[in-house]
Structures are given as C-alpha cells and as structure tokens.
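A short write-up of the structure that comes next.
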Amino acid sequence: MTVDNKHMQHEPLFRVVKRDGLPLKKTILIRAAAILLAFLFCGLIALILIKANPISFYEAIFNGSFGTQRKVWKLLKDIAVLLCISLAITPAFRMKFWNIGAEGQVLVAALACAGCMYYMGGHVPDALIIAAMLIASILAGMIWAGLPAIFKARWNTNETLFTLMMNYIATFLVAYFLIKWTPSGSSSLGELKFGHLPRLYNEYLLIILVVAVITVLLHIYLNYSKHGYEISVVGESEKTAKYIGINVKKVIIRTMLVSGALCGIAGFLIVGGLDHSVTENTVGGLGFTAIMVSWLAKFKPGYMVLTSFLLVFLDQGAAQVSQNFDISSAFPNVIVGIILFFIIGSEFFIDYKIVTRAKAKEGTKA
Amino acid sequence: MNLWNGILDYILSAVPLGMTFLYGSTGEILTEKSGHLNLGIPGIMCVGAAGGCAAIQALHPAGTVHPALVVLIAVLAAFLAGGLMGMLYSFLTVTLHANQNVTGLALTTFGVGLMKFIMSKLSSVKYLYALPYFRYPFAESESSLKYCGVLFFFAILLALVCSYVLLKTRVGLHLRAVGENPATADAVGINVFLYKYVATVIGSGIAGLGGLYYIMDYAGSQEAYLSIEAMGWLSIALVIFALWKPHISLIGSAVFGALFIAGAYIPGIRELHVSMSSTPLLKMLPYVFTVLVLIVISIRNKRENQPPGALGVNYYREER
Amino acid sequence: MNKTIALELKNVSKYFGSVAANQHVDLTLYKGEILAVLGENGCGKTTLMNMIAGIYFPDEGKIYVDGEEVVIRSPKDAFRHGIGMIHQHFKLVDVFSASENIVLGVKDGKRFALRNVNKTVKELCGKYGFEIDPAKRIHEMSVSEKQTVEILKVLYRGADILILDEPTAVLTPQETSRLFDILRRMKEDGKAIIIITHKLHEVMAISDRVAVLRKGEHIATVNTQETNETALTEMMVGKKVSLNIARSEPVNPEKRLEVTGLTTVNADGIRVLDNVSFSVSSGEILGIAGIAGSGQRELLEAIAGLQHIDAGSIIYCDPKTGHDVNLRDKTPLQIRDLGVRLSFVPEDRLGMGLVANMNITDNMMLRSYRRGKSVFLDREKPKALAENIIKSLDVVTPGVTTPVRRLSGGNVQKVLVGREISSAPSLLMVAYPVRGLDINSSYTIYNLLNKQKESGVAVVYVGEDLDVLTELCDRIMVICSGRVTGILDGRTAVKEEIGLLMTKHDAGTREQEG
C-alpha cells in the first residue's frame, strides 16, 4: 500500500482530480466552447475599446482570411509556413524536449539559404544553387538544434534556456551578414536574383504542396516508424526506455537533428520560395507561435493543420479589423493572446475535474 | 573622442541601461524561485511600460501635479499593470496547471500587442514631459550621468532587498523551498499556492517597472517602447547569468548593459580599430556568454548553482 | 517506574476502498518508553503510524494524547500535539543546509536568524548526542546524516512523541547502534518513541515493549524482556494458510544462470548487494524472499543489465549452444544480441514495464519493435499477440487500442506477464507479480509461471507472501540487507525459518548492539 499518498480526509469543499481520459467528443466540445467564448469576449472588448459594431467586427475577422481570392491564398501560404515550423519542432516536443529555439533554427537556415543565393548566384545554374540552398539550410538548422541536444544528452543542460539564447545568436548572425552583403547606400539586402524556387500555378502553391507532403511524412514518421516509436517511449518514460534497451542520449540527439533539419527546410522554403531575401525578421516570431500550434494540437500533425489554421485565421482577421477600424496594427496580437488564454485555460477542464466533497466520498466507497 | 572620456561615457551609459535588465531579472528571479519559468516577462515589461506611460499622460500637462507624485503614480501604475499580468499567468499555471512555457509565450504575444495598442493611443509629448522628473537629480547633466535618475537607484535597492529577503528571511527560505521541492514545503505546512501567487505577482510588478524605467529614464524617446521586448528576453537570460541571485544580477546587468551597447560604442573608439561591421557580433556577446554560463553550471553540476529544483513543473498535490 | 500514558489508540480502523489497512487497532504508548511495532510488509504498520502523524485520517476509532481525545487532520495538527514522524523517504530540500531544513515551516513568532537556529540545533545535538554540522547541505550528507536532520526537525518543533518508520533500513550497523544510543537518551529524557522495524534483533536490543500487527490487525503487545525472536516470528507470520497451488517436480534440470559474488554499491556508498551467489536451473522456480528493499530489485536489474555492478559475475548457460555468456556490464540490448532469451517483469509495472499512455498493442511491441530491417513498425504481429493475450488470460479491456493506464491492476499485470512470456524466454524473472491482484488473477499468474517452469524455463520469483513462496517455489533463497542468508528447499521450508533468515543480520551487528 502506498504510504506517501497525501490524500487526506479533511478535504476542502472542492478538490481538483486528474481525469482518466475524456472521450474525444467531449474534449472537442470543451475546446469549441472555449474558442466560442473567447470570440464573444473579443467582440465585447472590441465594442468597448474601439466601439466596433459586433457584426462588422466578426465580419471583418472573417473577411481577413476569406474576403478575396488573394486573401485565401495568403491564408493558405501562411498556414503552410507556420505548419512547417510547427511540424519541425514536434518530434522534440513529443520527447518532452522543450525546444523553444525554432525561431533561431529557421533563421540560421534562412541565412544559409540566402548565403548560397548570394555567393553562388550567377556563377552556377539555378538548379545547382537550389540544391546547395537546400543542403545548406538543412545543415544549418541541424547545427543550431543539435548543439543544445548534445549538451542536454551529455550534461543535462537546460534546453529551454539554451535554445532561447540560440535564437538571439542567430538574429545577430543574420545582422552581421546583412551588413556584409547589403550594397553600400541601400538600407536592406533587397531581393536576391538567383536561386528562386520554381512557380507552380502561383507563387504559393509549391510551398503549400511541399508542406502538405511533409505533414503526411511526419505523421508517418512519428506514428509508424521505429524512430517515432522510440521518441514516444522516451517522452513517456525514460525508465521504460532504458528497460527495453533504448539509448536515450542517442534518441535525444537524433530527434533534435530531425527537428533541426525540418526547421532548415522551413527556412529554405521561406527564403527560396517566398522572400528571396533575408532579414532579422524573416521568421518574425513564427518559431514561438509554432509552439502554440504544436502544443494545442497535442503534438499530432493532423490536428496541427487545424490549430495553425486557427492561429493564422485569427491573425489575419484581427489585422483586417485593425485596418477597417483604423487602429493600431498591434491589435491582432491582443486578440490572438486573449483567445490563446481561453484555450490554454480550457485544457484544465480536459485534464482535470473538480470534485466536491460529497462526490469524492461516494467515489472512494465505490 | 578622447579614449578615457569615451570609456567613462561608455560605462555611464552601460550601467543605467543594465538597470532595465535588472528590474526584469529581479522579477523573473522571484518568479523562478517559486518554481515557475515565466517566459511572459518581455510582455509583462511592455505592459508595465504602457501602464506607466498612460498614467503619466493622465497627469498631463506638466505642473498640474507635483513631479514626485507623477513619478510615484507612474511607478504604481507600472507595478500594477505588470502585477495584473502576473496574476493572469499565476491563475493559468498555478490554479489551472497550464503549461508554463506555452502560457508565458502567449502572455508575451498578448503583452507586446497590448503595449503597442496602448502606446499608439498615447501621444509621446504627453508623457515624455515627465522625463526630467524621472532623471532627477541629474536631469540637467549633459553627460550620460543624466540616466542615473530615481528609478536607477531604486533598481539597485530593489535587487539588494530581494537578495536579502530571499537569502536571509523566513519568507525567502519558504519561497526557495517551494521552488526547490514543493511537496516538502507543503508537508511542513507552507502554503505553496499562496507563495507561488505572491512571488509571481510581485516579480511581474517589478519587471513592469523595468519597462517604465527604459522609456522614462534611459531611452526617453517616442520609439523606445519598440525595444522593450528584446530587453525582456535578455532579462530572462540574465537570470541564468546571475545564478538566480539578484545581487549577482546587479553586476550581471552592468555587464549585459555594457555588452548590449558595445556594438554602438566600441567601433566608435578609433584606437581599438574595430570595424563598424562587427557591431552585430558584439551584440551577440551577452547571449553567447549566457549559453557558456549555462553549459558551465551544468557541467560543474554544483548543486547551489542549478536552476530551482522544481522549475517548470507545476505542483499538483495528489500526484505521487 | 512511573508510567504515564503519552498516546493511546482505541479501535482505530482505516480502509482503502474495500481493503482494510487497519482494523480495530488498540495501542498504548507510555512516556519514557520505546515501543517497537513489528509486522510483515503490508500488515498496516505504516498506515497506522500515518494516522497518528496526520497523513491519513482514521475511518473509525479514537486517538488520545496525554489522556485527552484529539483530532489529527494534518501533520501540522500532529505537531501541535507534540507528535513528530520520521518517514522512510526523507522530505528534505537538497540544496538547503541542515538548519534551513530544520527551521522550514516553523512559525514561532521569533525573529528569523539562522544563527539562533544553529545554536538551538547544536544544543539539541549536545543533549542527545547527535553529530551534525548545522551548515552542511543535505546533498553533501550521508543517509544517516539526513536521517539525523529529520529527527532534529521533529525535536526542534518540540515533539514529545516520535515515530520512526524503519529508521535502520538505510543504516550501517555502526550507524544503527549510534542511533539506538540517541534513542535511549531521548527515552531517558521522557520522550515516547515508536519504532517500526522488521529486524527482530533490533527489536530485542532497543525496545521496551513490542506490538505485533498482522494483516491490519493488532495481534498482541508484549514486554520485550518476556519474549524471544522465535515467539515474535510466530506472531508475525501467523499460522500456515494452505493455498493449494499446484507444484510439479522439476524435469531434467540444467544449470541456466550462475551468479557469483555479485556486489553493487549505490550512490550513498551502501552495499545493496553484497557477495550474492546462487544458481537457477531450467524447469525450476527459484523464490527470493526478503524484507522489502533488501536488494531484490537491484539483483534483478543487475541480471537484466540495468544496474552498475561492482564485483562478481553473471554467467548465462545458453541452452541452444551450450556456451556460457557473462552478462556483467552488458546493456539490455547487448544481452539480447548475445541471444540470451531473458524476460523480466519488473516491480514498477506502469513506470517501467509498460508505458501507461500507450495502448495494449503498442505496449506489446516494446520488446520486439526492433525486429526486422524495415524502418517502419510492424503492428500486425503485436496486435495479434495483444488479442491472443486478452483472450487467453481473460484481460478485461474494451479493446487492443485502450491505453494500459485505464486497465485495473490485475489486467495490467496480465498484459505485462503475457508479453514477457510471449518471447519464449529461457530465463524469466518476475518481481512481486501478484501484488495488488485479486485471488483469481493471482492464480492465473501462478499457473502461467508453473507452465513456464514445466516447459523448461528457469523462473526467478521475487515475492513477499511466504505462504505463496513455500507452495510455489522449488527452492527459496532468502536475502537480508543484500546478503544471502540461506537457500532452502521449497517443499520442506517453514515460514518461521524463512522469517528468521529474512531478519538475520550478521553476527557483527549483534555484538555491537549486544
């Protein structure tokens, strides 16, 4: 009989008890209710702060993503980019490795990619440049992700803080090369002429397709490959992993290298396919938003399509609101923040339940 | 520029800038000592700045209210604004057991947005009039000495007081126990939840002052608020550098301040022959340093220098 | 001698669900005495003490302190009545100094100064004979120093009634005798002390009276001077209960595993296994009996490649090739690559043997997922295996996709044992396989083990119920504090004999305490 169970008889009136798994239907219901409540709350805030008529407020949010065909494409593109970074960090998160350095990992990859474009552009054929861009991006991402992993595996160095710092080192590394590359007299690097990814139908489709493929591949990797299985076991219980002979250190490093490589691909797609340039702001906080996307989806690639849609939809909608009502462009962040708080809070009701004293008594006797 | 004057001016700019980090890191240390890694600190500093500036604008125009009172009200407003953010963070992580990293990041997104929204509604002349009040007593100084205003000294005082409370008082002992081993603290009758709430709210309030200090003392410009988020992230880095001790943070903040502006100063000193293009590499230094500190403390594995034992792990009593 | 009652329990009971941990227990403790509480694992000693210390609240019965009825709802309440408990698992903050831990949570209204705490601690040390540096940090301390801090913590709060839960389990003989000196001084000072222990010679050496518990009930309280170890053992183990577990004769036993001089030292510098030697043959069940924490877990983990080994050898005799393989310093993976067919059912089923959040199929793969060259998993065979186990062992579950954490204890164990047996082991190690299981599930497990034995597997069975051990096992090895104190024939061994061997510490210990 366990003795250190601190379950005491003199419980307060309410007590929080861990749930033993909730049916999928109910979890969806709770989350939907949270999102709905959050929207209502935001409408209320908008009404008070910017005197926005609720109907035109919600209309503006909707139009932000679906107002025109171009907006729909932009929505899909933004989802693809965010989803790609979210997918990249997911293997590590499944292992309970708190990598909050996707921002930096994507940024160095973007830098490496732009470097290939800058130095090789005009000297060799585009196909060769693109191949070099891809390889360089992946390697850069792997280095940026691999360093914290090695120290985590060897000395248990705190990975959250390590990866956070690596973001800034990446930012200034980009700043350094920007100074070197920017032609004197101009303020930014500008568009690099060579090594653009080919266009399919329009400038976004290729990227959307690539990310769709990555989503499926990662889903397969995590759920159907031996590596993915090892990641799950290490994440759930290191003790079990050792018991069945998994080399935990190796899995940590390998998984972070996979994460880094995927971040590399994200950087490659952003620079090669969209921006054709690099700035300190190329990733623009997506590395952090990706953590939300991945976490809200419980680290499942399929659900991440939905959560990244939600976040991009909110962002664009709120941007439309700030445009329509002529308010600060910072308004989207406020809206996204509020809705995130609601969703984060709602997780509590999925994982825990509140038991009153009378109910608890019945429970123990049963 | 004369080399020695240059160096003196450099130090005089670096140390006051460091106070921004000192507010942020002192607040974060209090929070981390209760076992919560609050990545919302950048957002909290932003909201603190916005709250403070809004309060000053409410007291506009100059002369209607006594300068000392303007400063006091602004400080209280910044503290309150930061504290409210801390309350939100505590509610989500302590009461609702939400993931700390995710909550913190959401808080930063929200806080940065909220600040930009508020600042866009304010007019800079209507709060910058109070700049001399904050830079008292050196407001008239032509040199960088002008940065050493009241909040500069308050930051130092606050860091020392926090160190004293943490290391020498019963409350500090209990707080550290909560962050190291909440189950043990709970077993000896310490109210774990209360300590977590109070430490986080006060810590966030202090961090909020950092934002106000940066705008109303150090930078004193219309655009200043755009840099606060970056200051917030550095403040979190400083916590590691300071080994979770506010009095070390005092030295660390000066070092960070020096490194932060090294990029702007060092290439200007011609005798050093450092080219302008290496500015970003110099700016990288505080982060590289922090990574090195992190690695060294994990390799040395000295127990006193490790992060609080239960950092990042929410406490749930029924868990065995 | 003036006998004042310090603490009295009347008719105290505690139930966990339908299981009675304590039933109608009466207990009296006098000032200035040491009362030993004796009983087998799971007899309810610790639960009873936890009710006095405020961890649990009794379902019925009354507690009196100094003759007055009291209600103890929390450790704080217990302290208020002068009761302090020293738990088996220390509750200390590692990075704090001794003094900081001692003063933690004390609100005496006095100005806080560590200097004063140090002074008080030193006074307490002087009074009772502790040796400790108040400024030393816990993580730099030995186990016995940590225990000293726990005791000081209780004394600092002014406790007059001290409860020690198996304080000697982690101590060396020298440390034990020092602790006993201190306890005697406290007794002379008028403190009332309860000490929980399994070790009979310690009961004889330190206590004034002994209270014996068995299966949650209070059997008797006797004066130590009027009893002896044999009488106490009889009270502790009770009459033999017949279980009627089938037991066949081993067929063609061949040596399968030979362990020689196995020694491991843990992080605290304690020899958890000390020169352990034994062998297991095919077609037999070797039982391992011992008080909890005597080195059983370390022994099995050492064989499975999960434990650092300081000396000795583990030789596996491969039944196919006839070659001998040394398993020492091999990882679990290396052991399997050597072709050793070893299965291991660990004590911690959901924390080690299985992954609680994974479904039954995925748990089936834990051992076998590496098979084949493909980078992908084959879920077909594990799924078939899961279905097979569910059917053949009557696992109650909604299906193969149910996470194992949702299964009841018995079903979890069936899944785990089923998986380990499915790989056709030649050596099977099981640790406490029927712990927490109902009668029917227990018999399912016994039958499974017997079938394995009959098919020529060498089975190592670590158990706690002596009735089961004597009916199931062909031989019983008894270990005590990491040493083998005897290997008996399962067909002739009697419980009293095993009980004595389980608490038989080497002669050196006795002399010192003598």
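In order of appearance the chains are A, B and C, and numbering begins at 1 in each one.
Definition applied: a contact is a pair of C-beta atoms (placed from the backbone, for glycine too) under 8 Å apart; a residue touches a chain by one contact, two chains touch by 3 or more.
Source: prediction; values computed, not measured.
> Which chain's C-alpha centroid is most distant from that of chain B?
Relative to chain B, the chain whose C-alpha centre sits farthest away is C.
> Based on Cα centres, what is the most central chain?
The chain sitting closest to the overall C-alpha centre is A.
> Indicate the whole-number Å distance between the mean C-alpha point of chain B and the mean C-alpha point of chain C.
49
> Roughly how far is chain A from chain B, centre to centre by C-alpha average, rounded to an integer in Å?
27
> Between chain A and chain C, tell me the centre distance in angstrom, where each centre is the average of that chain's C-alpha atoms.
Between these chains, centre-to-centre, one finds 45 Å.
> Could you say which residues in chain B touch two or more other chains, in rising order?
183, 187
> Would you pick out the residues of chain C that each touch at least 2 other chains?
74, in rising order.
> Among the residues of chain A, which are close enough to touch at least two other chains?
If we look for residues of chain A contacting two or more partner chains, we find 4, 6.
> For the complex, give me every residue of chain A touching chain C.
It comes out as residues 1, 3-4, 6, 8-10, 20-21, 224-229, 232-233, 236-237, 239-240, 242-245, 247, 364-365.
> Could you pull out which chain B residues touch chain C in their complex?
Spelled out, the residues of chain B in touch with chain C are 168-170, 173-174, 176-177, 180-181, 183-185, 187-190, 303-304, 306, 309.
> Please output the residues of chain A touching chain B within their complex, sorted ascending.
Per the touch definition, chain A meets chain B at residues 2, 4-7, 16-18, 98, 100, 151, 155-158, 160-162, 164-166, 168-169, 172-176, 178-180, 285, 288-289, 291-292, 295, 327-338, 340-341, 344-345, 347-348, 351-352.
> So in the complex, which bits of chain B are touching chain A?
Residues 37, 39, 88, 92, 96-99, 101-103, 105-117, 120-121, 183, 186-187, 233-234, 236-237, 240, 276-281, 283-284, 287-288, 290-291, 294-295, 298-299, 301, 307, 312, 316-320 of chain B touch chain A in their complex.
> Enumerate the contact residues on chain C facing chain A in the complex.
It comes out as residues 16-17, 19, 21, 42, 44, 46-47, 50, 55-57, 73-74, 87-89, 304-306, 331-333, 336, 344, 346, 348, 351-358, 362, 365-367, 369-370, 374-377, 379, 403, 405-406.
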